[in-house]
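Okay, got some structures for you below.
Same chain, two partners: subunit A is paired with subunit B first, then with subunit C.
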Partner chain A sequence: MSGITRRQLLVGGAGVAGMGAAGALVASMVPRDDREASANSGGQSVVPFHGVHQAGITTPAQDRLYFAAFDVISDDRSELRRVLDAWTAAALQMVAGQEAGEFGAVGGPYPAPPDDTGEALGLPAAHLTITVGVGRSLFVDADGHDRFGLADRLPEALIDLPHFPTDNLDPGRSGGDLCVQACADDPQVAFHAVRNLARIGFGVVSLRWSQLGFGRTSSTSSAQVTPRNLFGFKDGTANLMAEETDELDRHVWVQPSDDPAADWLVGGSYLVARRINMHIETWDRTSLQEQENIVGRTKGSGAPMSGGDEFTPPDFAVSGRGGLPLVAEGSHLRLAHPSMNSGVRMLRRGYNFTDGSDGLGRLDAGLFFIAYVRDARTQFVPMQANMARNDLMAEYLEHTGSALFAVLPGVPEGRSYADALLG
Partner chain B sequence: MSGITRRQLLVGGAGVAGMGAAGALVASMVPRDDREASANSGGQSVVPFHGVHQAGITTPAQDRLYFAAFDVISDDRSELRRVLDAWTAAALQMVAGQEAGEFGAVGGPYPAPPDDTGEALGLPAAHLTITVGVGRSLFVDADGHDRFGLADRLPEALIDLPHFPTDNLDPGRSGGDLCVQACADDPQVAFHAVRNLARIGFGVVSLRWSQLGFGRTSSTSSAQVTPRNLFGFKDGTANLMAEETDELDRHVWVQPSDDPAADWLVGGSYLVARRINMHIETWDRTSLQEQENIVGRTKGSGAPMSGGDEFTPPDFAVSGRGGLPLVAEGSHLRLAHPSMNSGVRMLRRGYNFTDGSDGLGRLDAGLFFIAYVRDARTQFVPMQANMARNDLMAEYLEHTGSALFAVLPGVPEGRSYADALLG
Partner chain C sequence: MTRSITALVVAPLALVALACTDNEASSEAGAVAVTSTNNECNVDAAEAPSGNLVFDVKNEGDQVTEFYLLADDGLRIVGEVENIGPGLTRQLVVTAGPGSYFTACKPGMVGDGIRAPFTVTDSGEPVGPTGEIAQLLATATTQYASYVKDQAAQLIAKTEEFAALYVAGDDDAARTLYADARTHWERIEPVAESFGDLDPRLDLREADLVDGEAWTGWHRIEKDLWPPAEGYTALTDDERVAMADMLVADTQELVDRVQDLSFTADQLGNGAKELLDEVATGKVTGEEEIWSHTDLWDFQANVDGARIAFEVLEPALRTKDDALADLLTTRFAELQTLLDQYRDGDGFVLYTDLTADQVKELSDAVNALSEPLSQLTAAVVL
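Then we have the complex of A and B:
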């Protein structure tokens, strides 16, 4: 592949004419999601692909998400490898702000379908990351059958998540053999990435479900401002941050000692995806007092109800009128706090979503929860079991989709997504 | 309402700390969709609300859309007025980057539900526009009954759109008594606007359907770069532009002579909304040659197949090998061209969309087509009838939603959305 890309050739002429030095300055400072200003600043908004871990986990959370789960519809292991190899090549191109492949020869005969679908032509890299994981069903099918000779590599921690009390799961929004988390500052860039991986995988993988997320709900770097979920509250204040490298080793990255069967996964992680519908209309008719009591934080600043500012640690012991704790017993803050969960933390990377309305005058909207953990059995499962039972917020929530994926380790230069898993 | 807003109060302290002069410079130059940089630059990204026409039509097309159609579930005209008045007040606040209302007293008793839902706290105005229209069903119900004493104000041009050959309409994604088009550079800001209008209208209006759009497909100002639709082609090259004021009078704005019954609508327009599903997987397996033949433009530069660059007028007379016209007879470009449509033009303002997948491994995605016209009977209807029959692209398209709204004239200072219609 030549160093000059089709996108640069196409865009270089008209797209950036007349920008000059001021434009270039702005582009280099704020390349995010401003296509006119930054069409030629791909280099400024490129997240490196290679590394010990995949990008898209501790990468400062981009504003937009397109998440997809795929089923493998072939039973040929070499076909699976071929697709994962092709995905690697395409991902390398796309995260660099280039097309997934040539989209056709200009001026010559061009009888073949394009190797890129074109809708991201002229758009910047937009901090695109593509993060790939594998589901339990890739290893063994529902009958326990070893589909691709991978059963002996099935990590113990890659469980079927148990049923939780607030679950009302749609099988069409749950599970999957493979997952692709595409994050970018431009949803068209994220969509383009998933769509081209689906196109490349045609005949071998089939899209099972997908989800567009339009506003991130977590910071994953201490340099980011905490965003708000659709309950209107800051979400992710106490999230694990990229800067906490020791904590990431403890809570996120799979370690050599974790599971002899899953040595191949060292440097990887586990991704818990939950599509959580919020009963927004009910919430919006709840008093501010009740909302803050449920969350355990003030709606404005995000400070704990025990006082201080957003980043003040909550004081669960302090009581107010009537002797009741200021941070309520059933508040989300208290129940999700590490001190109430054996010190467990997760790296959250969720996004708000809306898929229109439900035909009954209500928004189909909520939180597409994503958490990265080292072991869901000791991190997500006990916390969610506790929260589904005791969280005052639970009555406003309905979990409609669920999946757990083992996220592949980082891909070294010259290697493929397939290598760690398929050898 | 005081000049210092709650949002500013809340954000002023922590959100912008340490930005300094460089940050302020960037914010003033590129306030779009960068929340850290522009949280305090509301003034830079505010689109004026008042005017002869509503904003959101000739306003340079923002990147994101949330569109909603509502049914009025009350039969009380004064309730309808109350909601439209309250919508006006809230819209004024929100387009200025402020909350829809107070979200609760800080530090005092606060037993009431907040008057703002909170998820846009700290976000800039993001060029939010809120554009309101009314459907035929608001004037007369299916039985021709005059619902609110408005039957004598029903514009002749506010028709039920006829059935077209590629229609496969979902009633749950069609029609509506009222529409709200919220456009912004941040989808969370657009969503917030619609959600708060729905909240304000509780008990009087009910959400009928809604649509999130993630990438605009049209430029409405000659200063904008032409974006791409999900077929990967530039879309809207020949769109009506804000700078063509004479053409807008001719093709978009309702004029005093148009309809004696609809004098109240002068300065308004008609909005055609069509949810057009694209058969993306089929398209992606079509050769580039065929794709360009169908569209009538090259995929790279967007130049007509007759030659030149993107903005070169197409030459429908020039032929190539075998005597066939270079711009094919059934090409989208030819069939949509004013010269093939009695000189008719439309102001298009569409967005790409995806609502996940269809359960059969295919993306539920396409174009949420929006066009502003002076009279759909002479503009949209004959063009769409022709295209549904003859457009080579038609086999890749399926129209799944449809609506026509009369878009209210601009709201003068101190007045309400209700005034033109309800008097």
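Then we have the complex of A and C:
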């Protein structure tokens, strides 16, 4: 029995006369639409996939985000590997602006569903990056049971984030065994990436929650201008930038000395995701003076209230009339500043979001906060605990989703997302 | 262990390179280019080595065309591609052993077509068991036709019983039989739905009604048997009789029509997929049986029907793609195990008794099965 499958038939497996002929057969059958080649931008909008670190962290923040968290519904470790391998192959194709799968969206056999879903046909690579992480629940379940023989590889720093004041977390928007951060210049390209990965994963992983971000709120390169959040303020002026390589090693990338049990994570990072609803209607009723006082920066130029321009370091000692500091005690700028947080910094990579309206005549909108850190226990938890309690901005914020993921190290050529994690 | 996925990753990229190169070349090695015009059928090669043959058929005429590869008797169809609109290119992939054949274009889809002899030379490679598969598929479609007739027969018997109970006002007994009787409908739903006039008369949901449209069939009676607490006017005895008579008559019409139905393998494969689509969009969401909440009966019946279609196709599938057959067997079993958890007596718990987590788990199992099931048709017909 020859056992020819459709794949083998088209790719040239058993039963086909010679690999040379088979290769030619496929070549003629699969006129792959290399979107990059057909776009005017040439190869300039492709972000390299391979490297020591995953792309999508220090990559200059793209304008659009589609973020997805998955649960693994299989208890078979080999199935998990299979999906991560297939994700790697598809991610390689998609970040290069190509269609996913062997035959793409329109090159496959007529009676079969297309490999690629097709909505990105004709679009450039759009600087698509696909960044994959793993949650604590992948290693141990709620009862502490080892799910995939990975419990001894659980990084110590991959904690369950504690409850913070003003948290109103929806379990349906929190946690997850795996995460995929897809960022691109075009929301359709980012959506396409998540959709195709979800499809590849059916039966092994199941979408837990997802979030579309329509505009970046951070710069991750000094070449980018600082964007504005939905309060109308420039945000993340003092963000960690791609150019600060020493600082990235110190604050973002997991180092060999960090955790002997998790040396597999060296070169990786931790991703804190927080869906922060912003009460923008009440904010909009707040005077400009109050708004600037809360933020600690001017709304127009983004300069600290202590003076200068956007990039002038804030001077927390400068006082005005009545001896009150110009950068208010409870201002967001002061509380988030490294000098108030034992010198720790984060690489912020958040996005503005909206998910329609809330049924009460208000927009369901806010900041999908993403921060990359080397250890959330020292870089995020103390800061968030302090800010939730003391930040003047807190009354306008409600945290509705939360997750912490260990972001896998970069994938070397010929390897898979699975290799570092599963060994 | 560090496993390399070079093959997996590099292969598609290599293909891209090949594709680009070859697209620029004047001819496409491996595939036979066919140009169909209003009065010509230009096949750019008169022969090809045995094994898997690919024809790229371009319609340069202004009528819809078809392309056939016929056996040397000029009658038996080895492979065909239909419905090629003007300007479009379609592909025919076919497995053929050494021998004499005919190619034929059929512009306008009439007549014997414009024929030419075509030779398949001996490549020395073994060719797939085309004869055996054809036989296996023929058996499959015959078995499936019998299944459809059997289910239709059970459907009419239980529908008559149900209608009599409903007319007699024995509502408890009618409610008990409702989901059981509908099981036979749901098992062959894609077949029933292929009758565009009967399906809406028998199975339309209230939410699918157009303003002013008469509502009849199973779900109309469902609402009368499980009426909403407020704002509902029960059907009168006369209305009940009319509704029940129509249900029986339309069902009998369905039974009559399926007696002469024959099926093709792709209809079986696609029917199985459509049954799971029904589960995904109507049953796992609790929208099908909005008054009785007996969605899990329908769920099970849809899965039954899909599994039968898969099982009759399985011998043919095994000759082509053992791994897919194994995967489908596993995924059907996993879904069944999950469904069995909700059995209650002869039936199931109500949809409204399921927690959100349980619905999610069922939905995941449906997705897990549906994705490989969508590959079934191509796997058996190509």
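Note that the second predicted complex is superposed on the first by the 374 of 423 C-alpha atoms of A that agree within 3 Å, B and C clash if a C-alpha of one lies under 4 Å from a C-alpha of the other, contacts with A are read in each partner's own complex, and residues count from 1 in each chain.
As a convention for this text, a residue touches a chain if its C-beta (ideal position, glycine included) is under 8 Å from a C-beta of that chain, and two chains touch if they have at least 3 such contacts.
What you see is a predicted model, and the numbers here were worked out from it, not measured in a lab.
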Using the touch definition from the top, say if A:Leu92 reaches subunit B (first), subunit C (second), both or neither.
second
Output check: A:Ser206 vs subunit B and subunit C. Expected answer is one of first, second, both, neither. What do you get?
both
The answer to whether subunit B or subunit C touches more of subunit A is B
Kindly classify A:Gly414 by the partners it touches after superposition: subunit B alone (first), subunit C alone (second), both, or neither?
second
Based on the superposed arrangement, let me know which partner A:Phe214 touches: subunit B (first), subunit C (second), both, or neither?
first
What is the contact status of A:Leu121 with respect to subunit B (first) and subunit C (second): first, second, both, or neither?
first
If you stack the two complexes on chain A, which partner ends up touching A:Gly232: first (subunit B), second (subunit C), both, or neither?
first
Contacts of A:Pro111 with subunit B and subunit C, given as first, second, both or neither:
both
For A:Ser257 in the superposed arrangement: first (subunit B), second (subunit C), both or neither?
neither
The shared contact residues of subunit A with subunit B and subunit C are 6, 10, 15, 22, 26, 29-30, 32, 34, 37, 109-113, 199, 202, 206
Touching subunit A in the complex: which residues of subunit C?
1-6, 8-13, 15-16, 18-23, 28-31, 49-52, 54, 56, 81, 90-91, 93, 95, 123-129, 266, 319-324, 331, 360-361, 364, 367-372, 374-375, 377-379, 381-382
With touch defined as at the start, can you tell me which subunit B residues reach subunit A in the complex?
6, 10, 14-15, 22, 26, 29-30, 32-37, 39, 63-64, 66, 68, 71, 103-104, 106, 109-114, 116-122, 172-173, 185-188, 191, 195, 198-199, 202, 206-212, 214-215, 224-225, 227-233, 280-281, 284-289, 291, 298-301, 309-310, 352, 354-357, 359, 361-363, 365
Where on subunit A is subunit C touching in the complex?
1-6, 9-11, 15-18, 21-32, 34, 37, 73, 81, 85-86, 88-89, 92-93, 98, 101-102, 109-113, 199, 202-204, 206, 414-416, 418-419, 423
